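Okay, so chain A shows up in both of these, paired with chain B first and chain C after.
Our next item is the complex of A and B:
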């Protein structure tokens, strides 16, 4: 026996929630450990990039990669892990769609450096900015270079599978791990390349228990402005912008079941190219008004359209904000 | 996240770039487009690419046919005009060569490129983009079979003016049933209000009323006046129509039309509808003597019984007990195969031009008021008098183009006003001998015998002033103008300002779309131009069809026109309907939406959107379904579905995205898409 198949998990531009959701599988981790040898997982254990660099190509069986590609380090590791892994899984919203960090693609790079380094809350009187290279007496030191836009993993490297969610639900991760174990044991075969794993066929509404009627929206409300949310009626019908109709199922409708609108973290339903565009056309279709001024008034109730409809998917949207400047530098 | 699927069989695409004479080739370097396509798009599957003077010619079509056979093409792209014009032609050519016709795609490089692009280089590049888009798209096309629908032989005609009457008679005479729905108490439309028709000076009623009575007596025509269409569901061949027959308070089966109720009614009111405010009618009335049907209508707003609870004179005198004060509106449901809309027009409201004084000066009349005034059956028995009812005018001014050809009101020419004004001039000359001035912008007398009529009116001594009237006033500047209406206009031929004092002014007001034309268009699923006239499927080649199969349009509802043109359109629309009825069934484009049940979450976003009511919700499965027979393939639900669970045949995501990618191909740095 040449030893257990090797496993890696990496975080690029992400928050760490994906690893917590993975570690949250409790005793399932024992199954996991019995079947895999973890070779690289910065959150869970110490490892060095050079150890990975020293591996044979394809030495790692499976890598779960979360986070978007925000800087040159993220890109380097994405390419490295691609080379060293037989199966590369784009794991979680940020890796697949850009996620929350991807919203920065709405802004030019110098603008958000201004925000970070010169706003009043920052003590930076000499207006220092990060530099990629700096000459020290001991020699030149470098930090990763910030990219003009955040890219998704599959915009940078070839990806085998996708596992959406912010984070992916633990029970879905556990189920996928089970499938992987079966595949390793030769009891199952891998799904076709490009498949989405740990996700349902339909959308969140399919798993939502709320009553649904014909939708006629005359006003959008934010949940904090509603005295009492009807626990049994579709949130959209109550004027709350819920992304459930457009969001892939798989989470068991977690947010709507506790009176919170679906944020859309599971991304678009399978086959849909642009989550935000889908949601916008859907919402526009059910606005109950003919008069342009009235329509305008209703639409004004959508306080943050980009943040609502493209909260997770901006970097992977058809607009791919910033793509041109990315190519042209 | 690429989910592109390769079609069965390697695509072998033929590209044909049409010169369309100089229509395209004058601006686009068609040869370059053809050569470029052969070279740059060969990786996508283009095996040959040609340019040809007229692809739609039989020689062009035969070229496609022989290429399909000789080179084994399985996809065809024709870069030519809009698919509205020749998609059928080229699909036909493909079909004749044994290919499924839906593997043919058109790139509109005439309407969308050569006609709208001046720069030759840009036009050529744009054409390449269009071809690349079409080639990219056609790869994902699928073989489709047309959908066949049976045609119900009954027809609904909305509007009982001369166009609707003509259409009804044409269809009914072929033995097919017609429902003719008219909003007013009688059919006849505007033509029934006129005295004479130009240029022949036929008595309008004399030529119209025989047609009206023919409609009234026709065994195949179900005449529903004082009725309105409330709802339309369904599709060509099978429309379900709900009609509201408003209460007349008269039992039609019992009424003999004797008119005693009208005679005995003590209430006289101004007739604002048929009589346009000139003349009076009773509270129970027929709009005019020859009304069809001749059952009266009770006007509840003015009837003493409905106001005070007493009177009932009409009921008392009615020999057949046909008055029913309790009568309710009746809802009638009919199923028809085709619908003709001949809903007519409204007249421009002359009050919108306060400088002409209509409504302030009693002796400023609108053209329709004058029609009633000079009508032998009108309030003055045809005598032309001022508003006082007795004084004959000694001088009359007739103003053309009121509300027409005027950027402040309607840009278009109302088509009939010149001839109408000339007709008025002739009638005034003949009946009063008054001095007549016609104020015109241009004289447009293009139809048969029209200009001869103009010459006749000139010979009669009518004076013509070329210039738009600035103002009509009663403020005199000298003794000759005392007590007169003064028409102030620039005489653009003489190059001077004129002030012409007259006794009477007639404003030849323009034609406007019906006030509710937008709602009617929406109800029947057709569209209106920005002006509000119903839009034809093709303005020249299909002027009585609409983009909605089975809905036809005729008469002034599509734009201003004279009586012969309205009658022709009524006949034309009828011919279209009759041909559909004779075909028995119709082949429809198989472009339909359908729901992928596993993806549908039952969110109900789409449930209220379908203009054809083709969407149904299956409660036990909690999913939405689309009735294929009702679906017209408009794509509304496809776009609205947040889950991407609804797909449109012929407009799949893959097809559309592939086309967009082709369109966005970068020419400066060629790259493989």
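Our next item is the complex of A and C:
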């Protein structure tokens, strides 16, 4: 058994969907197990940080790391796994771009705690808040420290590969695992460092089957306000904000094919440096108005531009955060 | 606000109108503050909102975008696109805590050197009033966001 290359998977600030998508490989998991020894994977098996700390540097062949860096524990483990792994894959939208948890970068830190500890649904009459350190009779106890700003994995450590998606599609994960197995067997070589794996080289629009005409938008609507969605016409043409134009292909255009706009979970398409900037460009181009007041009126229909255009990519965008978050309060 | 704060402004100017207007201001010895650094584009329609974000997140305190008057763009209606982009960009930046007035769109024809110089002067003073933006970035060590440590394997 000891001869098999070692594998690890870790979750930082994430939801667990990446792990589910990975385990969804079904019988491929047997192939995987035949070729790798899983040494650390908190969701799937019991392991302790100290076991990882005791490993030799570079002892793990590949680590899939999902989730953003939200607290000191995430940061510690990111640095630890970087040291112990030959190949570190930034896995899923949260690790690559911050993902949904990264949206908290728009608000001050205390709002975050207020929501969690002081809402009507929380029974916390004395308004207790977590203390990073606490003196107990038995000694000092600590918990990880929350950071004002969520960072992406590659803002904290060096990353070898990226595998986007929220979560990455299972068939894409399986294909990447196949490549890894071939590499281990010496039948294939690794792609160049920094490559994006398991992703198409075009946009979601390109894979989307909906008809596109010359777009002239005079009104934006929220999807729940539309009585009947035309199943064949581009959603943007129906006044629904769709992130397809800026998003990397790779998901087979799943959401638009069931009448839901692309949320942008696969992250920026090749050549797109800032996801939101590309969407601002795309949306501004199709608005049919030249008068500033009329333009403002139409844009009032875009309720939450930052949350829509940076739903997954705020932490990795040019701006990275909102100004409110980094005061640390 | 610090008294000796000198705003840094990036100006994206159109080759056919405002860049020439700025040139003309110079030729005519019309003075405008040195706080603005002009970058020439072929048309205001070339403005990718990312340029503005890059400027602001890398140390600029304000951004001025200038183009041909409505109806006079050399590429038909690109300046209307620039107008719509700027409006949407300002709304987005506003949510991020950037005062939308730090981004300003000005129309100026090639003949309006005096007017453009005056507008630049006004904008510099407006930004001086607002104070430094100080966006946290790799280039701004005053704000501590931990950065990557290279770890070699």
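The criterion applied here is as follows: the second predicted complex is superposed on the first by the 315 of 329 C-alpha atoms of A that agree within 3 Å, B and C clash if a C-alpha of one lies under 4 Å from a C-alpha of the other, contacts with A are read in each partner's own complex, and residues count from 1 in each chain.
Note that a residue touches a chain if its C-beta (ideal position, glycine included) is under 8 Å from a C-beta of that chain, and two chains touch if they have at least 3 such contacts.
Since the structure is predicted, the reported quantities are computational estimates derived from the model, not experimental observations.
> Clash or fit: how do chain B and chain C relate after the overlay on chain A?
clash
> On the A-aligned overlay, A:34 touches which partner chain: chain B = first, chain C = second, or both, or neither?
Neither: A:34 stays clear of chain B and chain C.
> After the superposition on A, what does A:201 contact: first (chain B), second (chain C), both or neither?
A:201: touches chain B, not chain C.
> Who does A:258 touch here: chain B (first), chain C (second), both, or neither?
The answer is neither, since A:258 touches no partner chain.
> Can A:305 be said to touch chain B (first), chain C (second), both, or neither?
In the superposition, A:305 contacts chain C only.
> Decide which partner touches more residues of chain A, taking chain B and chain C as the two options.
Of chain B and chain C, C contacts more residues of chain A.
> For A:136, decide between first (touching chain B), second (touching chain C), both and neither.
Once the two structures are laid over each other on A, A:136 reaches no partner at all.
> One more residue to check, A:75. First (chain B), second (chain C), both or neither?
Touch status of A:75: second partner only.
> Name the contact category of A:154: first (chain B only), second (chain C only), both, or neither.
Both chain B and chain C are touched by A:154.
> Go through the superposed model and pick first if A:120 touches only chain B, second if only chain C, both, or neither.
neither
> With the two structures laid over each other on chain A, which partner does A:213 touch: chain B (first), chain C (second), both, or neither?
First partner only, chain B.
> Can you give me the overlap between the chain B contact set and the chain C contact set on chain A?
Looking at chain A, the two contact sets intersect at 154, 273, 278, 281, 285.
> Please name which positions on chain A make contact with chain B in the complex.
Where chain A meets chain B, its residues are 96, 154, 162, 194, 201-206, 212-216, 234, 244-246, 249, 268-273, 278-279, 281-282, 285-286, 316.
> Inside the complex, what are the residues of chain A that reach chain C?
Chain A residues touching chain C: 57-58, 75, 79, 82-83, 85-86, 106, 149, 151, 154-158, 273-274, 276-278, 280-281, 283-285, 287, 289-290, 292, 295-296, 299, 302, 304-307, 309-310, 317-324, 326.
> Would you mind writing out the residues of chain C in touch with chain A in their complex?
48-50, 53-54, 56-57, 70, 77, 80-81, 83-85, 87-89, 91-93, 95-98, 135-137, 143, 145-151, 153
> Report the residues of chain B in contact with chain A in the complex, numbered from low to high.
1-3, 598-609, 636, 639-645, 653, 657
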